Amino acid sequence: MFLQQATWPEVAAYLERSTGIVIPIGSTEQHGPTGLIGTDAICPETIATGMAESGLLVAPTLSIGMAQHHLGFPGSITLRPSTLLAVVRDVITSLAGQGFTHFYFLNGHGGNIATVNAAFAEVWAEASLSGQESGLAMKLGNWFAGPRVTALSRELYGEADGSHATASEISLTWYAHPEAERRDGLDPVRAPNGPIRDAIDYRKHFPDGRIGSEPHLATPEHGKRFYDAGLADALDDYRAFAGS
Amino acid sequence: MFLQQATWPEVAAYLERSTGIVIPIGSTEQHGPTGLIGTDAICPETIATGMAESGLLVAPTLSIGMAQHHLGFPGSITLRPSTLLAVVRDVITSLAGQGFTHFYFLNGHGGNIATVNAAFAEVWAEASLSGQESGLAMKLGNWFAGPRVTALSRELYGEADGSHATASEISLTWYAHPEAERRDGLDPVRAPNGPIRDAIDYRKHFPDGRIGSEPHLATPEHGKRFYDAGLADALDDYRAFAGS
Amino acid sequence: MFLQQATWPEVAAYLERSTGIVIPIGSTEQHGPTGLIGTDAICPETIATGMAESGLLVAPTLSIGMAQHHLGFPGSITLRPSTLLAVVRDVITSLAGQGFTHFYFLNGHGGNIATVNAAFAEVWAEASLSGQESGLAMKLGNWFAGPRVTALSRELYGEADGSHATASEISLTWYAHPEAERRDGLDPVRAPNGPIRDAIDYRKHFPDGRIGSEPHLATPEHGKRFYDAGLADALDDYRAFAGS
Amino acid sequence: MFLQQATWPEVAAYLERSTGIVIPIGSTEQHGPTGLIGTDAICPETIATGMAESGLLVAPTLSIGMAQHHLGFPGSITLRPSTLLAVVRDVITSLAGQGFTHFYFLNGHGGNIATVNAAFAEVWAEASLSGQESGLAMKLGNWFAGPRVTALSRELYGEADGSHATASEISLTWYAHPEAERRDGLDPVRAPNGPIRDAIDYRKHFPDGRIGSEPHLATPEHGKRFYDAGLADALDDYRAFAGS
Amino acid sequence: MFLQQATWPEVAAYLERSTGIVIPIGSTEQHGPTGLIGTDAICPETIATGMAESGLLVAPTLSIGMAQHHLGFPGSITLRPSTLLAVVRDVITSLAGQGFTHFYFLNGHGGNIATVNAAFAEVWAEASLSGQESGLAMKLGNWFAGPRVTALSRELYGEADGSHATASEISLTWYAHPEAERRDGLDPVRAPNGPIRDAIDYRKHFPDGRIGSEPHLATPEHGKRFYDAGLADALDDYRAFAGS
Amino acid sequence: MFLQQATWPEVAAYLERSTGIVIPIGSTEQHGPTGLIGTDAICPETIATGMAESGLLVAPTLSIGMAQHHLGFPGSITLRPSTLLAVVRDVITSLAGQGFTHFYFLNGHGGNIATVNAAFAEVWAEASLSGQESGLAMKLGNWFAGPRVTALSRELYGEADGSHATASEISLTWYAHPEAERRDGLDPVRAPNGPIRDAIDYRKHFPDGRIGSEPHLATPEHGKRFYDAGLADALDDYRAFAGS
């Protein structure tokens, strides 16, 4: 059940049986010469489709995240951490007032992790500082870090998966958008590694945008396997968090 | 051309021929017993699909807007005006650094108008207060307020279109999602009118969420006509703003 | 009754019979070679004098507004939209705690409209997000946009009234400050039109500060007529909003 | 020269001979049963009239200050300290970009002192943190704390002047608004003293709003003497700060 | 009793007998060629040790304050006033929720005074704007401004104590850190005086960082006397504020 | 070399040979019935003493962190995440202007991790959004998570170390403060485990404050071993980050 495609009485009925919600969160940022700018939003959104089919309520994807280090590549967009913190806080507070209690953010972008967790603490801090119990549980789950997905990545690519514009995530986007498949212009084959700092520094060290990855290894068939693995990981994680 | 489905070198190439971008902005809020919660995002996103097909670059939809008055209905989400202002500022600033100069927000929600325009002024103010020229042009266009769309609304529904959960917008969502068509539970047929204040006040005065509208008049065929009218209006407005 | 010239027991007595208040809001910004920098504050303040005489409580004028685009001309002052939003929020919240419920901002400056309306939503959002009813009604009325004033402007100047440093507003300031009358240095007679962006861009396109106007057409006698029209419009609008 | 009653070319001409400006700042807050709510704005505004007559440029009065402790009395308005800080910062930054360098805030309210000084530091901090020289000098002068004024207060009232709703300030408002003179309802004659905390605590300890004062001692004639003393103090202080 | 070296049950027991707390606040900023960068934190922390020994609860020192003007000298750190305001607000709010009611900030740095007082008002304003009584008392006491300390400073150094990197404070740091004693490189012997503005301006006017002081006059023995005087002043001030 | 006990010329000299700095960051929060409230500040501060002795520059400890979940226990203090973000940003920006480039935060508290990393991104985002290179590297190192420390914890306590008020950290505080050793009142011996939410929820699930730990296993001798292990880990990590 997708929130955007439901009516409010349908949401009211859903709340009778569950107070949990899945919120996909991604980013809009370069993913190397061949990867889609929307990769980090497409991946959790795609997996969340399966979660919606299994009966969970899925909010619209927060498609712009914290991607300051990618701004040197055209098309990348960032929210400042302080802005993203406010967005996550407002989204949770809006729904909490209607009876939602369990917020599961299904994340597609490593750069969001710190800020989204800080936002959770900001919401709880508001309650804690006013001496009230929030009654809220929040969790960030990274689709790319579940046990099945990481095992599959190791099996298919080993070290060649790298950490940005990975074959894993690109496979998953090709499963969702098969027309996006392309492998040209990857030079060197394996992108360099190193720490992430600001945007100019990033472009100096990672001239085509990738980090440590070989995205030409990706295939739509791999993508289907990542979808299955990611969905199973996410459902397990969601249920451990919010009950079934 | 959709930003999320492009690579960064493709965006770099686009910037060689145009520095304008279309940013659909909507809301996640109740639209009466029969309207989709995502109506205000679906409408501009649908029209923006036509803009993307005509060669313009279309950013991912900002699907959560300023909808504080709808929070009394489950599933509605708001950003505080101050949060939305920061989001719009960060999105523009991110892209401005890469050479984009013309930002056209295609809007689906009246509640966003004041805040998005305030955000434009915040961006310009930053430049003006530091004695620099921003080089930026920004415009909010409301898909529902163009000449062809308003004429069509008048022709099809006259006064019965009302102002929230209108047959116009619901027709357009049914064009995009025909499976969403439904007309049950609208009582009274014509929803009441009145001023908008906070969420509890809103639910008191507009008990099923609609304002002045008769959404049962909507049809998917009307939706197709609204799509055509809305796209023509939006393209005209964009070109007058940013050139062709 | 002017708030600044009342005692608190007098305000307490006023609250027994009315919980509405009028808050003039203007701007401090250039108005062309002949217009006063305080024009946008003087106009609503002048009309509010009549409202005070009719028994309404009138707060001190918020004389600095959102005028970022005028900063290229000496003497212009702006609040960032985010600052003005906080000011309006604090003013309303202060008085709401004492029993005021209806806030009518009588506005003299187009540049304030978006931000003040966003501020209203910020106040309501605070209530809506915390599940409380604010009990507050807020409205921004533009003295220059009422039916009598716009008819008078059309009658006296037609298209020559333009949109900044207009003969209408300058007439009204001359009614209040007859010594300010002057008509020198207007070249060309009719100022150019165009969109408003940041301050450097503004000064390039509107070199003497006016937009589309011919302020030499103004007279103090016109000003008297604008005062009468503006007061009647404002009283009607206030009463429709807050009752009599 | 009042900024609000000048044109921008006149301000440009003023900047040729001086880059200093006087900014009256007051408050909108109860001043006991007989004092005007606008007392703290009227006092510096009145003295600033003399400064304007002596050729200095005087900005519009910032008539709403930091008055949280008075909110228990109807008609009192406060800005949060964080809001007032932003207002002062924006006002200074606006004018600094046009060549103003010396900002003299003529203050009428003790509750503003900390926040306005913090705002000055905020402006300087922005420069200091970015490694730039601001070229800006800022000073807060309290009209009620100059040598002539404090001597006159001691001479006329001694200890009976108290610290809020003082005979000194009320005399000055009666000089400006002789029709406001009134002495009824002061019981006890001398108001109590004590520390200032929040609004409810304040109203408990100072039930009619005054602190330590006997405002019935005020006269319009005293007010004239306070005006002369205050103007001489302010001019001396301004000149020591900004040159003549 | 030092908060950092207590357990929570010990703090719970303390709250049974007292709801007051001492919070030393200092700064991290240059103190001339011979003074320690931590001078303004070391001084109140040293005196607070005596307060802790007398049975008061002493929080960890807030060792970074508002020191924007010192940033031109390596090792100096500032919080923006708006940041320091938030820190003080959060510290007070945290402890207020546990039953603390009296907050005594023992301050070592003039640059903190305005901002900390503004922060107190921000906390009270939150209560006042929401119509609640905070039940909180807050006071900033400057160790260097008590009657015994100022008398001792006058006795030992007269005018030569100046206002930054004073012999008084440096004596006290040498009492706490005798190994820090040094007198080299002070040229001229007496540092210049003048107003404080931004960091570049400051370094121009006060090239070695001192203002008006002769820190070579300091001795550890003086430091012991300042410790005794400062402790007696602080205890008196605390008890007048919070009871014994 | 401790920043607080250095003079500015000494810092200037240090900058000639290194542009890195160590900033201990902790928390002020309950650590069970026997652990010190300052545990999370004392631990990194103690290890940083060894770093200072090895010639690195060590800033004053940021002793108040993000501890909202502990507020239900007296003596605990939190900064909101948004406040801590601003503090870290200001500290880094202050020192960056003087030539520091490598900021190593030695952390003692898991609750700080998300927010401090978000703060790093906020600093970089400011540069990235303005198209400038910051030249800054920042890293958060957790003293309790280095290879030697985690091996020692496993060796000494295995699973019994738990995750809050651990024997590891308490041993280290007893090494620094042997007088703090105490083991009474731990019931049950092993504290429960579970997720962390807001303060009231936390106190319900962890009634004496500990999570999964058996702090009676701690000894000062273990503390010495943790000190040695932690220092070696921290020096390795610092050098890998900033060079030697």
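Letters A, B, C, D, E and F mark the chains as written, and numbering starts fresh at 1 in each.
By definition in this document, a residue touches a chain if its C-beta (ideal position, glycine included) is under 8 Å from a C-beta of that chain, and two chains touch if they have at least 3 such contacts.
Values in this document were obtained by computation on a predicted structure and should not be read as measured data.
With steps allowed only between chains in touch, the distance from subunit A over to subunit D comes to 2.
Shared contact partners of subunit D and subunit E comprise C, F.
Looking at C-E alongside A-F, one finds more C-beta pairs in contact between the chains of A-F.
Of all residue numbers used at the contact between subunit C and subunit D, over half are used by both chains, marking a mostly same-residue interface.
Centre-to-centre separation between subunit B and subunit F, using Cα means, comes to 46 Å.
With centres set at the average Cα position, the gap from subunit A to subunit B is 24 Å.
In subunit A, the positions touching at least two other chains are 71, 78, 80, 82, 90, 94, 97, 128-129, 131. In this structure, the chains touch in the following pairs: A-B, A-C, A-E, A-F, B-C, B-D, B-F, C-D, C-E, D-E, D-F, E-F.
Listed in rising order, the residues of subunit F touching subunit A in the complex are 66, 68-69, 71-72, 78, 80-82, 85, 111, 113-115, 117-119, 121-122, 124-129, 131-134, 136-137, 195, 197-201. On the side of subunit D, the complex with subunit F involves touching residues 128-131.
Contacts from subunit E toward subunit F in the complex involve residues 2-9, 11-12, 14-15, 28, 30-38, 41-42, 59-64, 71, 73-80, 82-83, 86-87, 89-91, 94-95, 97-99, 177, 180, 182, 185, 209.
The touching residues of subunit A, when paired with subunit C in their complex, are 90, 93-94, 97.
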